[in-house]
Amino acid sequence: MILNLLLCLLQQIQFAEEKQEFSRFPIKAGRRSLSRSISQSSTDSYSSAASYTDSSDDETSPRDKTQINSKGTSDFCVKNIKQAEFGRHEIEIAEQEMSALISLRKRALGEKPLAGAKIVGCTHITAQTAVLIETLVALGAQCRWSACNIYSTQNEVAAALAEAGVAVFAWKGESEDDFWWCIDRCINMQGWQPNMILDDGGDLTHWVYKKYPSIFKKIRGIVEESVTGVHRLYQLSKAGKLCVPAMNVNDSVTKQKFDNLYCCRESILDGLKRTTDVMFGGKQVVVCGYGEVGKGCCAALKALGAIVYVTEIDPICALQACMDGFRVVKLNEVIRVVDMVITCTGNKNVVTRDQLDRLKNGCIVCNMGHSNTEIDVASLRTPELTWERVRSQVDHVIWPDGKRVLLLAEGRLLNLSCSTVPTFVLSITATTQALALIELYNAPEGRYKQDVYLLPKKMVTYNVKLVTIIYPFLYLGNFTGANLG
Amino acid sequence: MILNLLLCLLQQIQFAEEKQEFSRFPIKAGRRSLSRSISQSSTDSYSSAASYTDSSDDETSPRDKTQINSKGTSDFCVKNIKQAEFGRHEIEIAEQEMSALISLRKRALGEKPLAGAKIVGCTHITAQTAVLIETLVALGAQCRWSACNIYSTQNEVAAALAEAGVAVFAWKGESEDDFWWCIDRCINMQGWQPNMILDDGGDLTHWVYKKYPSIFKKIRGIVEESVTGVHRLYQLSKAGKLCVPAMNVNDSVTKQKFDNLYCCRESILDGLKRTTDVMFGGKQVVVCGYGEVGKGCCAALKALGAIVYVTEIDPICALQACMDGFRVVKLNEVIRVVDMVITCTGNKNVVTRDQLDRLKNGCIVCNMGHSNTEIDVASLRTPELTWERVRSQVDHVIWPDGKRVLLLAEGRLLNLSCSTVPTFVLSITATTQALALIELYNAPEGRYKQDVYLLPKKMVTYNVKLVTIIYPFLYLGNFTGANLG
Amino acid sequence: MILNLLLCLLQQIQFAEEKQEFSRFPIKAGRRSLSRSISQSSTDSYSSAASYTDSSDDETSPRDKTQINSKGTSDFCVKNIKQAEFGRHEIEIAEQEMSALISLRKRALGEKPLAGAKIVGCTHITAQTAVLIETLVALGAQCRWSACNIYSTQNEVAAALAEAGVAVFAWKGESEDDFWWCIDRCINMQGWQPNMILDDGGDLTHWVYKKYPSIFKKIRGIVEESVTGVHRLYQLSKAGKLCVPAMNVNDSVTKQKFDNLYCCRESILDGLKRTTDVMFGGKQVVVCGYGEVGKGCCAALKALGAIVYVTEIDPICALQACMDGFRVVKLNEVIRVVDMVITCTGNKNVVTRDQLDRLKNGCIVCNMGHSNTEIDVASLRTPELTWERVRSQVDHVIWPDGKRVLLLAEGRLLNLSCSTVPTFVLSITATTQALALIELYNAPEGRYKQDVYLLPKKMVTYNVKLVTIIYPFLYLGNFTGANLG
Amino acid sequence: MILNLLLCLLQQIQFAEEKQEFSRFPIKAGRRSLSRSISQSSTDSYSSAASYTDSSDDETSPRDKTQINSKGTSDFCVKNIKQAEFGRHEIEIAEQEMSALISLRKRALGEKPLAGAKIVGCTHITAQTAVLIETLVALGAQCRWSACNIYSTQNEVAAALAEAGVAVFAWKGESEDDFWWCIDRCINMQGWQPNMILDDGGDLTHWVYKKYPSIFKKIRGIVEESVTGVHRLYQLSKAGKLCVPAMNVNDSVTKQKFDNLYCCRESILDGLKRTTDVMFGGKQVVVCGYGEVGKGCCAALKALGAIVYVTEIDPICALQACMDGFRVVKLNEVIRVVDMVITCTGNKNVVTRDQLDRLKNGCIVCNMGHSNTEIDVASLRTPELTWERVRSQVDHVIWPDGKRVLLLAEGRLLNLSCSTVPTFVLSITATTQALALIELYNAPEGRYKQDVYLLPKKMVTYNVKLVTIIYPFLYLGNFTGANLG
């Protein structure tokens, strides 16, 4: 064990050297590209509530302020502790849709399966993750938390967590330096020795590898949610540098099945409405790509009366699109007539400048795919085109002849930038994270090696049952309470 | 003619006496009940744009400020003329979806069919009505405008109109006194003799009847959009007190067919998402009423994976619901299991306190019908229930046992309070209003008597063609340009 | 009363003279054009049942045979009384879907509301009408029945009726002379004085006017189901020649609402499958006309994965098609690419020879509209085209270059020729007919004049309730048994 | 090679001993259970065409008749060679929907990729397989063919093949002895040495193993289509007894993806309509199982207005059903109220006698799943229940109290018994079979060992492209002709 650890330490040194590009990644490309960036409009949705506005000391960095919660604690760093009450409302709304976690709290309350767990977490700080964090606390864990994205923190939710006694270090609009400072504050604290890591994007894990490798002696496991973070863990594993067991939450069947098809089916509509108030009925739309995301987008738009075209290069998917009633076309065939272009292929430059030039006036262009580069947005930053920011997340790109194209979220993921991810879907992921922590924390020594694991099948089934507890008729139906747990 | 007018004057005196309840109506019940109140969230949607915030002089009444636009004019009264640029963006976005009006501008530009028209208008002041007003101006009219609702004005749009030279008197949050002062400023101005009225709700018409009946000598007609206003005009007509021809825009076939079914199909989703971020897939929903609005709601929710029940007392509509695949139930049968209750019956107390008591925790309750009283919200204002305002338009009503019900818009119309009406649908109404004004203004004397009229059929057809010009394939299809006009 | 009757008699003489063209109509155009001709394939569907086949005496006219049923009666004329058992099965299957009539039987059994009624009927003789006839008998009526169409009689159903004691005169493949002979045998019989007429197409009524006008003295009313028959009755009424009250069943709201939209939604699929076994998924289809029939066809085809185009000249309907997600086109735009052309406009020559020339190989062409001439089938009967009858109701029309077009039912109504009308829909009409007979027979003298009436509203409501009794959940829902009757 | 063959021979002896139960299988359980049995109603659909009826010599076994085609050949054995013309029509109709094979004929015509191939085939003899056989001939093969099912042969199609010179031995209603005699005649013929096997169900392969193992010396490969046959091949392979390469067509991605979901979506409707003429709108239906077949059934029924319930024991599938808007229930919850019960689980006794006892009068019960035993039909064969055969494939099972349940196809697969499989779907399989034959026949020695293979990926892609050639817009779209082949 000790030998093993020493080997680990040795490797970290190499890792820190080699992986410059990994540590630079968040800086250059922006945190957003690392993982989910939570909707701007979501956080904006309550900013209109007159009663609280960020007061004049907004300009002061939270790091320079001294704040104390009502219990006299100051072991946190948030924008404004006074916003706690508003944040609590947001958390309560989220709880309505996250019955799975609430139910888990109740079921596991007696036995406290996380008693003794000391978790450092680094995720988006939103109402939904707050429900997760408070569930972990209810199950017996101590938590210290930072944000995995410099923009996505809901300040008032962070305040509510701080008020409730969670050591949270996060605010909206952190600098690069702030970002690492917050992470560091979660790990490095007198008398605190974390034994679990919950990460989203791999930055926290990276920081521990780089700065505090000795901590891995006590860590029982890492739970990672993002594509990027999971990819990194597999690389470490392949290189023999993974020091502790890790659980890949991203590829759990529940996340894959529901995040894509069902979530996108709803968020495409929501994202378009919130940004443009467009009417779907009668609109001509081309959806590029007919994978799970494309299928969800097409189904929703068709249902609301849009005329939908599909572009697809995989013959099987193309035939599916046919059989589902969509006309499969080349983008160039329809580029001049469509009212909306939606990309979800996972490829680069699916919509080129040349095609953007041929769009009709008023056409909406947006991206639902994983890549930021499906629409060649960079090509639009040329002198002859005027950009006008007409709303948050909405740019009018204006051609010399006056033609306007409505570009949403600058080509970034529409559903993360301009809609809210339905709480119910986040609930699935959050429950998976909680179960993964419980599993790793309680596993008998030796069950998990220094490798990356998926959630065991019985936990997946339990997960689905927890998540679907929201459907009582399901349980009246085929599942009996007896099966749960 | 003069005799007629005298008769009119005489009648107005009676009218003013009798109709106390009419004039009081806006005061007591609030302006919202009179007619459409534009979405709070719509106006909020750009308030997050950092660059303009209502500055500290917000507290000063616009009536006490002196403002001048860039052309040196001060014949207007808005919140803040400096917001004009932001308002112009909103108008430009709206123009993208209102091709009908833009097309009308182009077609009628040469002949200026409203040359000489002096229009007083009283409508919501939104980006969409701004497009209408600027179209009227482009067709030759002079306009003076006030708001028909004390809350619905988009301040920056009013600023943009003022900056463009329209005499607009409106801001968000007018007092009762402000409301009538604004209307008065539109009518009563040195050297201004209006000859057309465009009204939404009947207040402007009422004020003219009450204060300036002599104006009717010159008025060629009234165009009225709202149910309430139209109802009032028919009463006047029946009583023989209508002094000028009036055009009923509310009952035009285009408005009826599209506002209800197609508009509600989209706004039910939008309204629920913006307020609650709820996931539709798998939810159990009961929709009360299967008229056009109910049909739209049911179709949209079913399409996104909700399990929809319908209550309906008309046997024909009930059978339609059956044939469309919905289980027709009594509300009491499902009240304990549903996740959402949506009313659209047009009746009172469709959802009673007794039924609200039996809802499950987290149930969402909202109204899409014409009446504010479909849900017995009044019955919820009792001491044992706690109300918590968790977001704009969202209240948690909390029972003593901790059960929370999410009440949206306090039982008022969800789609007007919490979503945006798709611009395209507003475009239909706005075009109808413009055409009605053109028709009345240009009609040969004697064609229209002192009565209430619907838009003549050929204008309706022309209207549809203008509106659908947004679908070029439609014109490639069956309509030829030659038919237009 | 007597005076009135004399006037009637006088008018009939004129009528008989004038209306040569009416009496000739069935002869020249064939009975099919008069009214519904029941599906060939329906009657064929059991002809494969090995156990009964029309035996060698098939060639003998039923008029030349002497047949006796098991009770010793011979007051009927059918193809083969021995087929009665097979017909009884068909009737029993139909009864499963016609709960409304069965329910009416039970409800009205005690009071026998048709006791004393002597009904002459002339309708299609099918399993469904058999259920109607036997219901009338159960309610106390005596019936004599003939067929309204020389092809549509289900021989074994006629046999089953004869076996059960109904005086039925009908077989498949009657000659023109047979047709009138059968009708005559229903009216003209020793000791039989009919007092009610149930007609479908107006031929029975015509025959009574022409041959036995004195019968009208005793007739309490006529119930007519077909468009043609109703049209004729209105003409008589307008001309002052209608001698008795008549009930127009064709225009009842239940028939209009359900026959078109819901019935066609199912029968378009059924008709196409039975004739061509075509797969709908991925097919490109153009539907000409977006009225109720077109809406039903489009909805069904879209739902099964076809890509549907619509042609429509009415702007409102065209906009509805748009909003429902269909591309509105000119037929010429898509004529070369579609896999199916379906007409439902009610107009003539919607698909011309020129367009048929441009169809692609294998294209299916059929008609769902009221007119037989929507497709210019006549233009295809030219020497250069070869017709090949490949199945019942399916012709391959072959162009000189080898191209084949699949013409269904020679352009006649697909759903009547090639599918079955769902029994449930027929149930609605049959119940309406029964209720209309009850109403006219029991109405106090003077309630109905010599005019054409629609079913009174309370009967319509009762009708819907009877029809929907098949949906028990509907009654658990909003209707209570107490309301029924 | 010779050694190998000897080993093979040795093994066959064992095989023949061991596999008694395999060879008995077709005898006891009936051929239908082995593989697809083509629709009764399909073959009946043209039996109404007056011009040909099976004449009086129907009773004579084809084996006892001497028939000669118009070219003077008598190397075939069919019911009646005179039906050839009618069969040719059926084949021509099928060709309209099988463009993939037609296209393959054209593309490969020059090179004749099957020149020299001598294929023995054993499949259903239908219009669709006729198109396949004639394609193989066009590509250069010689063919001898028998039927894989004693009931499924379309006699007139067999006649048309015989007339065209194919050595076909098959008729509808073969005895067990006839069945093996026909197979034998295909293999064992003077001067004929087959080198390819195309099998559907494994009987032909079995016969060769048993009677003519030496033939395997020359056989280049076996192409097998059915689940049962493929299963058998894998067993042989595992046991080391497979003597030649085999291609598993059943598990090709195209077949799996399209046969289940898309095919069942259409055939559930078709099967129910043809047997019962039921109206779907408003009906309550329970679908047991939400796999691909269940998804297809549910989607179709929902689209046509049925109210659909789902039973499902897999939590993931259950959650999908939820998200797709279906109420997930236990069968017992809804058994008393539903109008139809459809099984597609793959399990046994999903619907028990106890549940059948509780069904309401008129309920339709049918099976779309792979197993014949999903409905416990055996339990209905008890003295107190009366069975009435009311139509081909439709039994009324009558309870002592008069309740009738409509059992379709005696619980066998509805879509194979009572509907037609869309020709387009069969086209996919047939093309796969043709490509598999070409691949195995032309593969360089050594590429395929004595094992079971799937079609190589490039052939799959080519297959999809051939199949989808029916959608020209697809090719205008993403595929270019250049890619094809």
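When the chains are written out, they are named A, B, C and D in that same order, and each has its own residue count from 1.
The working rule: contacts are C-beta pairs under 8 Å (C-beta built on N, C-alpha and C of every residue); 3 or more make two chains touch, one makes a residue touch a chain.
Remember, it's a predicted structure, so these values are computed and weren't measured experimentally.
Taking each chain's centre as the mean of its C-alpha atoms, the one that lies farthest from the centre of chain C is A. Counted by C-beta pairs in contact, the busier of A-B and B-C is A-B.
If you average the Cα atoms of chain A and of chain B, the two centres end up 38 Å apart. Distance between chain centres (mean CA atoms), chain A to chain C: 61 Å. Centre-to-centre separation of chain B and chain C, using mean CA positions: 47 Å. In chain A, the residues that reach two or more other chains under the touch definition are 262, 281-282, 284, 304-305, 319, 322-323, 327, 471, 473. The touching residues of chain C, when paired with chain D in their complex, are 40-42, 44-49, 89-90, 92-93, 96-97, 99, 262-263, 265-266, 269-270, 273-274, 276-282, 284, 299-300, 303-305, 337, 361-362, 388-392, 394, 396, 404, 406, 419-420, 422-425, 470-473.
Against chain A, in their complex, chain D makes its touches with residues 253-254, 257-258, 262, 311-313, 315-316, 318-320, 322-323, 327-330, 333, 461, 464-465, 467-468, 471, 473-474, 476-479. Contacts from chain D toward chain B in the complex involve residues 281-282, 284, 302, 304-308, 319, 322-327.
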